[in-house]
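Take a look at the structures below.
Same chain, two partners: chain A is paired with chain B first, then with chain C.
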Partner chain A sequence: MKDRNWQRFILKNTTFILFVLLFLIFGILAPRFLSFKNLEIILSNSSYIGIIAVGMTFVLLTGGIDLSVGSTMYLSAVSSGTLIAAGWPIAPTIAVSLLIGIAMGYVNALIITRLKIVPFLATLVTMTVGRGMGLFVTKSVQVDFPDSITLMSTVKVFGFIPLQIFIFGLVVILAMVFLRLTKSGRQLYAVGNDPLAAERAGIQTRPLITSTYVISGFFAALGGFISITQIGRVSAGFGSGDEFDAIAAAVLGGASLMGGVGSVFPGTVLGTVMIQMIQAGLVYTAVDIYLHPIVMSLIIFFAVLLDSVRTGQLKKMERRTIMKITS
Partner chain B sequence: MGIKLKFNNIQKHFFGVTALDGVSFEIEEKHTVGLIGENGAGKSTLMNILGGVLLPDGGNMSLDGDAYLPSNPRDAAQRGVAFIHQELNLFTNLSIAENIYINSFPSLKKTPLIDKKKMNDSLKSLLKSLDLNYSPSTTVENLAPGERQLVEIAKALHSDAFLIIFDEPTTSLTARETEKLFTILDQLRSEGRTIIYISHILGEVKRITDDVIVLRDGKVTGNSETGLIEIPEMINQMVGRESDNLFPERSAKPKDSPILEVKSLSQPGIVGNVDFSVHEGEVLGVFGLMGSGRTEMARMLFGVDTYRSGSISIDGTPLPRNSPQSSIERGMAFVTENRREEGLLMNVAITENIGLVSLPDYCRNLVKWVDAKRMNEEAGIIGDSLKLKASDIRRQPAMSLSGGNQQKVVIGKWLMTKPRLLIMDEPTRGIDVGAKYEVYSIMDRLAADNSGILFISSEVEELIGIADRIVVMSQGEVVKVFEKKDFDVTALMAAAFREAVA
Partner chain C sequence: MKKILIFAIVAALIAPAVFANGGSDKADDGITIAFCFQDLETEFWVAGHSAITNTLEAQGIKVIEKNANEDANRQLEQVKDVIVQGVDGVIIIPQDGESAVTIAKECNSAGVPIGVFNRPPADKSADALVVVANNEAIAEQAVEYIAQEAMKLGRKVTPAIMVGDLGDPNAVGRRKGFYNVIDKYPDLWTGAPIEIPTKWDSNTALANLQSAMQANPDIDFLFTSSDFLYPVIKSVLAPLGKWQKIGDDSHILLAGLDGDKTACSLQKDGYVDATGVQDVYAEAQMLLDAMLAAIEKGEKTPNEWLYDDGFALTQANMGEREMDMWGCKILAGE
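Let's look at the complex of A and B:
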């Protein structure tokens, strides 16, 4: 019986155990990997994609998907770059770029809830149109940001927490409280579990689904801004492909593409940090840089495979035993 | 005592088919009323109107003396009407308390946060009164079907419903869970609640109701006190004919040559040393209580689940393990107990649903083109023989059929493959007397054509009525095989319970 409980514990926490194992393996192979500085870099690099992945988690919970987040990042970053170049102060610039994120999310929501187009197609369209608009404005010229922006990435809150990690933490806490402790948060899980039953139970599903895309758009713009403070410029490919990293992080953290299953913490946070940790680990252990994408994908594939095996095993364990146990 | 609810000349039509044709009756306050009728008689339609799911085309209702016309389930809930559907309306990823409070979470002192403590504490006594011994914060996923139903009842009681509709509440429950439900129904009645109880199990209706309303073809054909009416009379009112013959006369005797031979089939923890055979022209009954391993064994036979040792052969040749594909090729067919989940294409015409499994048989020409004309013709014949209640089975989507008629379509799907061995797991569960007779006739016809049938059921009477031999299973093992001359309800039940197997 005790064996079974252990088995169950391991099966229920496969992602976390894999996380710890990878951490230890990299640590043993390259002791410098465990330095405080490196851990801070990993967290710092996780911040912007983590914020976007949190927004993605909201969308995934309802059974939707948002492919447009990379383009939203680009469009809002391009806008803030253009405004700053035109001499706008920083605060209103940030406000406008976040508003653009909200607007993109709202457009997604309108297409999905009013025109009844499936989320995959709706956000595929806004993904292409969003990037197209950005390219139209910039003529694909790189936009550079002044030091006043890039210096923000060196700001330490309370004297020791890097700004981007602080904002990531804040986003995670707010999202977690919202999902776990508010009426709308719990209703989101209900909608994801069974949309028809949710309507029958009198839940206002349309505003709920709308809010998830708005949140996703807002966090995409915020994540985009954090990324700018770190790299200082926006090229034509900015944010492209990040939508898949965000989806991978959420799914690695246990979110289901079918909706109703997933969490911001530990789930999505764990998924995001794990991806960054593997990237850093591969650098520290001096793996050929051209092998990184392959190794990376294999580890993610292994984690997802483990998750699928685990679900099957857990189901098996929960199946009742019919025959009398004779011993 | 006053009148709780009054239906007056209710009309409803779907796709040109009349579902309700002037239904009028009254329900007295604090009574438990049984609502019975064949599949498609209009019970569900009427209750959906009462619960605010559908609007009537004509007529009116009154509740507690006031006019009543709910346009959605919330309206109904506000007037104190709760509807416990056959398929439960629960969110399995949320807790018991969250399911109950889904639209009315208590908030923590003017914050937008949920007051979890208040929510959970407020439900403890309610759950206890229903004998549901879980913390309100337990996730519904972890509950058994019977327990989930209690959560639905808790939901109804929590919304202070005084008229509660139960639609076939016992079909997914074990015997013990059913007993528990009846105790709770008694409790609800003593609290002054009015209950409408829909069921095909007339014994239950007889036992727990005060009055019985019978519907047939959208009309009320019976309305009396339960004490004044016996079950055969209820059946007469349901089917509109005398029904001495619940079972067809068997038209042929089983032959000696075996079709299916199962030898020492074992899978640790599930079944042990199962031995039996089904002969040509034989209906072999399998009797056992829920959880005796019947379904699991059937799944192994068909190749859905694997087994550790033993052998399964058809017509003398062994069947590969774990391959439903080769089972189908060798002429096996399997009507599972989860017919609803097993997938009808809801938007597709009835005949196309029936033809689905046999599709390869109708694409035997050079370019693998589907011979739709021939398929539809033959599916139509199967559909007619099942006496489906539909105006045009070639055009009407499966969605438009009542629950019981949808089940007939699933059976028809397998009949169309002209099976050599047909496994039927609880094929008559949740269907009415008339449809049951048709299912038995189908078994007889197949047997007369030299097919073999494995008929799994937990209703001992129907096994006695139609089977040639009965295998009794308990805890994953075959306890005893009864020959036709030894059929006896008490002996069969005793074997299933493993009491004094003599």
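Let's look at the complex of A and C:
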């Protein structure tokens, strides 16, 4: 019985155990890797993509996908840069860029829920259009941000938490509370598992799905803003490919592309931080840069494989338990 | 009815962007050249783009512009499209070396001369007019200056390089030039250089530079394969107290490559020691001269590689050569 409990504990926490193992391996190979400062750097650099990945988790839970987050990041960042250059104060500028994120999300939702176009195609269109709009505004020229924006990344909340980590933490807590403690949160899982059954059970699926794309758009804009406080410049490629990093983080954290399965914490957070940790670990251990993509992909593949095996094992164990109880 | 209304709203929202990229591109009777670029992510490409379009338009040549938005397949389709429109020549800034070969072969089989600007094809299997900066030589010149400065310190120096996208021949050439100098003075360095992958992406560069500085706090020479990464470098070094001017004990020897206005400004302010400069205007002129000569002669598949050997703008030659750097010209014009 004790053995079974251990087995269940290990199976339920495979991703976390792998995370700790990797952290220790990198730490043994490069002792500085185990420092508190390194952990702070990893978390800080995970923040912007983590925020976007949280939004992506909401969408994935309903069985959807949002390919437009990278373009939303770009469009909202370009807008804020343009407004700042025009002399707007920072607060309304941030508000406008977040509103653009919400608007992009709402357009996605309209196309998906009203025109019944599949999320992959709908968000592929808005991905292209969003970037096209940004490029139209900038004419592909990079937008530089003043020191007042870049200095935000050095702000410490309560004197010790970097602003970007604080915002990431706040987003995670809010998302967790929504998914675990609210009726709408639980209904999202139901919609993702079986939309027809959910509708028959009286769940209003359309507003729920709409809200996930709006949340995703909002978090994409917020993540984009966090990113510009760190890098201070938006070039034409800003955000390009980040949609795949966000999806990878959520899936690595256990979210299913088929919907109905996934969590923000520890799931998506762990996925995001793990990707960043591997990237940092490869730099710390001075692995040949030509090998970085191979090592990175192999570790991620191994993690996803492990997750798939453990899901199968857990299902088997649960089935055995149910059979025992019923017999 | 409701669906139609929503469709109309969505269409109205996306129409401006769609039509902004569209428009009629029909060629007329004079010479028409299509200029297909992958994007203009950095100041260098923006300067290259305006150098090419301005020079062509000044000579009364019609230019059809196509932006592929970093999509190699889209660029291939755009080139096929302009070939059908009957252009006299095609100039491309390709997404990468591989797609440059494919596009050049497409132009070869259509009998349309093609020029490739500053991102060379991965191999020479297709005929093309290629103008390319000698990245290896330019990087070498900038790093050589740093080596000379390092010798004056009277101690060993820990070098690091921010490497670009390894699929881009420019990034590979710059890395090679950096290593040529490192290998030339083996006793000058504390050990093998620390390599920091950037994939030409600011966020990746930020994360990896932070990790590299944390893992190797003794780095005191940093070479960036592109000037566009300077804001990232500043945001990493400043909190560590290492974003200091030349002469300060905490100054990190800094060199980059491109020659943009940020590099010019930082070099003038004393933060950057040397910049490998590509002469973007001369490169544009070289390519256009070769292309127009080929069109005049009726050559369908001209094949020639033209090199820009560039130079290094250093703290020592700032006085004489500052205005030879394109970024300084832009800065002076602002």
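In the analysis below, the second predicted complex is superposed on the first by the 311 of 327 C-alpha atoms of A that agree within 3 Å, B and C clash if a C-alpha of one lies under 4 Å from a C-alpha of the other, contacts with A are read in each partner's own complex, and residues count from 1 in each chain.
Methods note: a residue touches a chain if its C-beta (ideal position, glycine included) is under 8 Å from a C-beta of that chain, and two chains touch if they have at least 3 such contacts.
It should be emphasised that the depicted structure is a prediction, and the values quoted were computed from it without experimental measurement.
Going by the contact rule set out at the top, does A:Leu181 touch chain B (first), chain C (second), both, or neither?
After superposing on A, A:Leu181 lies in contact with chain B but is clear of chain C.
Name the contact category of A:Met133: first (chain B only), second (chain C only), both, or neither.
Second partner only.
A:Ser308 contacts which: chain B (first), chain C (second), both, neither?
neither
Which partner does A:Ile231 reach: the first (chain B), the second (chain C), both, or neither?
Once the two structures are laid over each other on A, A:Ile231 reaches chain C alone.
In this superposed model, does chain C or chain B come into contact with more residues of chain A?
Looking at chain A, the partner in contact with more of its residues is C.
Determine, under the contact definition given at the top, whether A:Asn5 touches first (chain B), second (chain C), both, or neither.
neither
For A:Ala197, decide between first (touching chain B), second (touching chain C), both and neither.
It touches chain B, and chain C stays clear.
Looking at the complex, which residues from chain B come into contact with chain A?
It is residues 72-74, 77, 89-94, 98, 102-103, 105, 107, 112-114, 116, 268-272, 291-293, 296, 475-477 of chain B that touch chain A.
State the interface residues of chain A toward chain B in the complex, per the touch definition above.
For chain A paired with chain B, touching residues are 177, 181-183, 186-187, 189-190, 192-194, 197-198, 200-203, 260-261, 320-324.
Hey, which residues of chain A end up touching chain C in the complex?
30, 32-33, 35, 37-38, 41, 44-45, 48-49, 107, 110-111, 114-115, 125-126, 128-133, 135-136, 139-142, 144, 150, 153-154, 227, 230-233, 235-238, 240-241, 276, 279-280, 283-284, 286, 289-290, 292
Mind pulling up the chain C residues that touch chain A in the complex?
2-3, 6-7, 9-10, 13-14, 16-18, 20-21, 39-43, 45-46, 49, 67, 69-70, 163, 166, 194-197, 200-204, 206-208, 210-212, 214-215, 228, 231-232, 234-235, 239
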